[in-house]
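You will see subunit A twice below: alongside subunit B first, and alongside subunit C after that.
Up next is the complex of A and B:
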């Protein structure tokens, strides 16, 4: 059970003055149960890449295999793929259209032609997963706050029970509390259901805190693809392509430069705190 | 899919045609279209065609790009040709039941087709080589005199440039929402007419919501910058005729003169 991308190339506006190659020879393997962070500068091809994973964009050349089946095969049912690979777009609240929150969440499972009872059940479950209370059921999605709208939109994708959940900057434009709540819920979901999650993000802190593996995109190519600590250890190279390491990593590096015997591998505030405490206690002894 | 329509798009290259004053291009396009209806023999089409080829060469827009625009109106062309072919009265040279083709019909259909093709290419050349902002700028200046009879020229051209500006944005938005709904299993391609119309609801509702939101934001941003209509408003880049613009006018007048000669003499 995995997605394999084999030499994927893609260019926008083929054959016109606006032609632009967005992806260059992408080779990736995405395994079951992984929590992956996808980072890269604006225009590095992240959004284009994730739209390939559920067949919304067809590669100019190359192959994609989902669980061993070629998705560009003539007989392959794209609809099945899209129900298995759930994609939450940037600002997903802009896609809400129904009269009530519940109906909107039902849209996805209904399109899968499930029986109505199952549709309702899944919608309830999805609402619970994203932390929407039952008092929200019959509210119009257009009356909600930004953060709540986003939960509704994410629930709309979760209700399809995907095996892989891709989120394109799910926290853009949210306040810090809303951001943490949504990411915590996704983390919990990943832990409890072993769903594969791909998180596109601009926040190195979020990526450092939640994911295991990081894929770095630059100018349409995969720049790094490794365990998160190993990726952030190359922060000098990340800076060159307009990215950075989490802020605490810089603090740790500076401390070390000033003679403190701390571990520069720390990437979250919590890790850094533990390490600094260990160092201070060691000094005293 | 939606992106294949090239009519009305701007094609960014540098050419003599691109750098002309938009007023020149507007005036010449209008009179070129009128000129197509001035003559009724093949010599006229030859001259108009040669002139068009000359302009295309000057524009540096690839020919393939221009013809892609024609694809979108091929149905219209076909219908016109078929109707003219069969419905022009005259001596029939071929007959099948009530369908008959006359020599006049053939001539008329061919002429009509050429006229339409020239008309479409001619007017799309203007949009290929002129940015929407320039175009409305030119229009505002050309219609300037109408202000004297209380026509809100500035407001009209502002509305036009906003409308033109929003076309690519709304296209992109449509594309995005379409994809988002397809990711939720929506199907925009299959099913009968009624199903398809129903399936458009998840696309159209968010699209309208976003159009209103954008309009609101824009109005707010304009007010925040003290926009209050055309009264006393100056331009950062006022339109001014240059040498090339006069040359272009001369060439065009020369073309019109030939067309008139053909109309009078032949």
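Up next is the complex of A and C:
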């Protein structure tokens, strides 16, 4: 069970003077249960790429296989794919429209023409998964705080029971606690339900803390695709394409440059602390 | 000299039902007094709903105090006759770059403000050129704004404010929707305007790394000012900031954690270089 992208190319404004190739020869395999970070500066092709994964954009050339089936086959039911690959856009709260939180979350599954009882059940479950209490059921989504609205929007996608959840900058515009809460919830969701998560983010610190694997996009191509520590070890190359490593990685590299025997692999505060303490204690012994 | 002074400022959002009866009152700003010196770079922090944006909107008279008063450049914002003078001296940049640009060509967009206040044509063009230069966007003057990146759009929006020759710019989360490059460009531009053009800057943000160069940081929580001081003073209070749903830069947090472990390093480290230097000193 996986998504395979085989030599995907995509260009828009074809045949005009504004023709632009947004994706170039993308080959990727996304396996079940992975937690992936997708990074790259604006215009690198991240958003175009994720819209291919649930068929919102059709590649100019190349193939995409979802669980072995070619999604561009003329008999393939694109609707099934869209219910299995859930996409949470940037500022998803702008898409809330119903009168109550519960009705809004029910909207997706209702459109799948499921049994009404099943619709309610899924909506309840989705609310629980994003940490919204039952006291929120009948509240108007427009009375909620930014972070709560975003949870409602994510719950609406989870109620479709997707196998893959793609989030396009889910923390943009939130305050630090709001950011942590949303990401902790997503991490918990991934741990408990084994759902595949693809997190598009501009925050290297967040990516370092939560994901396992990082895909770096640059100018429509896959620049790096590896375990997160290995990707951040190339921080000089990341800088060249407008990205960076987490701040602590710089601390470790600077220390090493000055002769300290520390490991430069640390990418979180916790890892850096442990390693610096190990070094300092070793020095003093 | 103070460019902004406030005294016992209170602002209440009043909700009314269909008959006009008061349904609920919420106090967004609760008895706030502070001054901002001319030429300072001041950052305002606080979680969503803490009252930062409401406060910012008072500074260019988009909102008027329910109680207390606020003066911009000596003009009381509660006096309706002062509104235009206040908006000429205090310009505001908002979060979403797409909502602030109205011209079809960059230079026309920047010229919109001065044209509205009847600046002579020749001077408008001079101002447009100078302000686009000050934000590093002069080479884009004939471009269409919708082909620009988010960070570039924000810089055009800032140029539009600069063309009004303001004494003070208020930026309400100007980088929230930008990527790291766009964020850095916008913050560098703002710092440069502050240092070279001596414009007073009031920056509202959720990114702690953006405030380490500020002259003063104000932290808000439930409509009140709860902390006020230099970035170093503010970021030495790691636990307290977390209580207000805020954070510290990652390197500051690492330094704090190391200090908790018993290492003898200074309070409130703000940059990578500072921490590296402190740690190497320990080793010697």
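Just so we're on the same page, the second predicted complex is superposed on the first by the 284 of 285 C-alpha atoms of A that agree within 3 Å, B and C clash if a C-alpha of one lies under 4 Å from a C-alpha of the other, contacts with A are read in each partner's own complex, and residues count from 1 in each chain.
Criterion: contacts are C-beta pairs under 8 Å (C-beta built on N, C-alpha and C of every residue); 3 or more make two chains touch, one makes a residue touch a chain.
What you see is a predicted model, and the numbers here were worked out from it, not measured in a lab.
Undergrad: Would you mind checking which one, subunit B or subunit C, touches more residues on subunit A?
TA: Counting residues of subunit A touched by each partner, the higher count goes to C.
Undergrad: For A:107 in the superposed arrangement: first (subunit B), second (subunit C), both or neither?
TA: A:107: touches subunit B, not subunit C.
Undergrad: Just subunit B (first), just subunit C (second), both, or neither: which does A:56 touch?
TA: In the superposed model, A:56 contacts subunit B only, not subunit C.
Undergrad: Does the superposition put A:146 against subunit B (first), subunit C (second), both, or neither?
TA: Only subunit C is touched by A:146; subunit B is not.
Undergrad: If you stack the two complexes on chain A, which partner ends up touching A:43: first (subunit B), second (subunit C), both, or neither?
TA: In the superposition, A:43 touches subunit C alone.
Undergrad: With the two structures laid over each other on chain A, which partner does A:31 touch: subunit B (first), subunit C (second), both, or neither?
TA: After superposing on A, A:31 lies clear of both subunit B and subunit C.
Undergrad: So, does A:255 touch the first partner subunit B, the second partner subunit C, both, or neither?
TA: Only subunit C; A:255 stays clear of subunit B.
Undergrad: Would you tell me the residues on subunit A in contact with subunit B in one complex that are also in contact with subunit C in the other?
TA: Subunit A residues touching both partners: none found.
Undergrad: Quick check: in the complex, which residue numbers of subunit A touch subunit C?
TA: Within the complex, subunit A contacts subunit C at residues 41-43, 145-147, 172-178, 202, 204-205, 242-244, 246-248, 250-251, 254-255, 258, 260, 269-270, 272-273, 276-277, 280, 283.
Undergrad: What part of subunit A is in contact with subunit B in the complex they form?
TA: Interface residues on subunit A, with respect to subunit B: 13, 15-17, 51, 54, 56, 79, 82-83, 86-87, 89, 92, 94-97, 107-108, 111-112, 142, 156-157, 160.
Undergrad: Can you tell me which positions in subunit C touch subunit A when the two form their complex?
TA: Its residues touching subunit A are 46-49, 95, 149-151, 173, 176-182, 206, 208-209, 245-247, 249-251, 253-254, 257-258, 261, 263, 272-273, 275-276, 279-280, 282-283.
Undergrad: Per the contact definition, I'd like the list of subunit B residues that touch subunit A in the complex.
TA: 3, 11-13, 62, 64-65, 176-177, 179-187, 201-202, 205-206, 209-210
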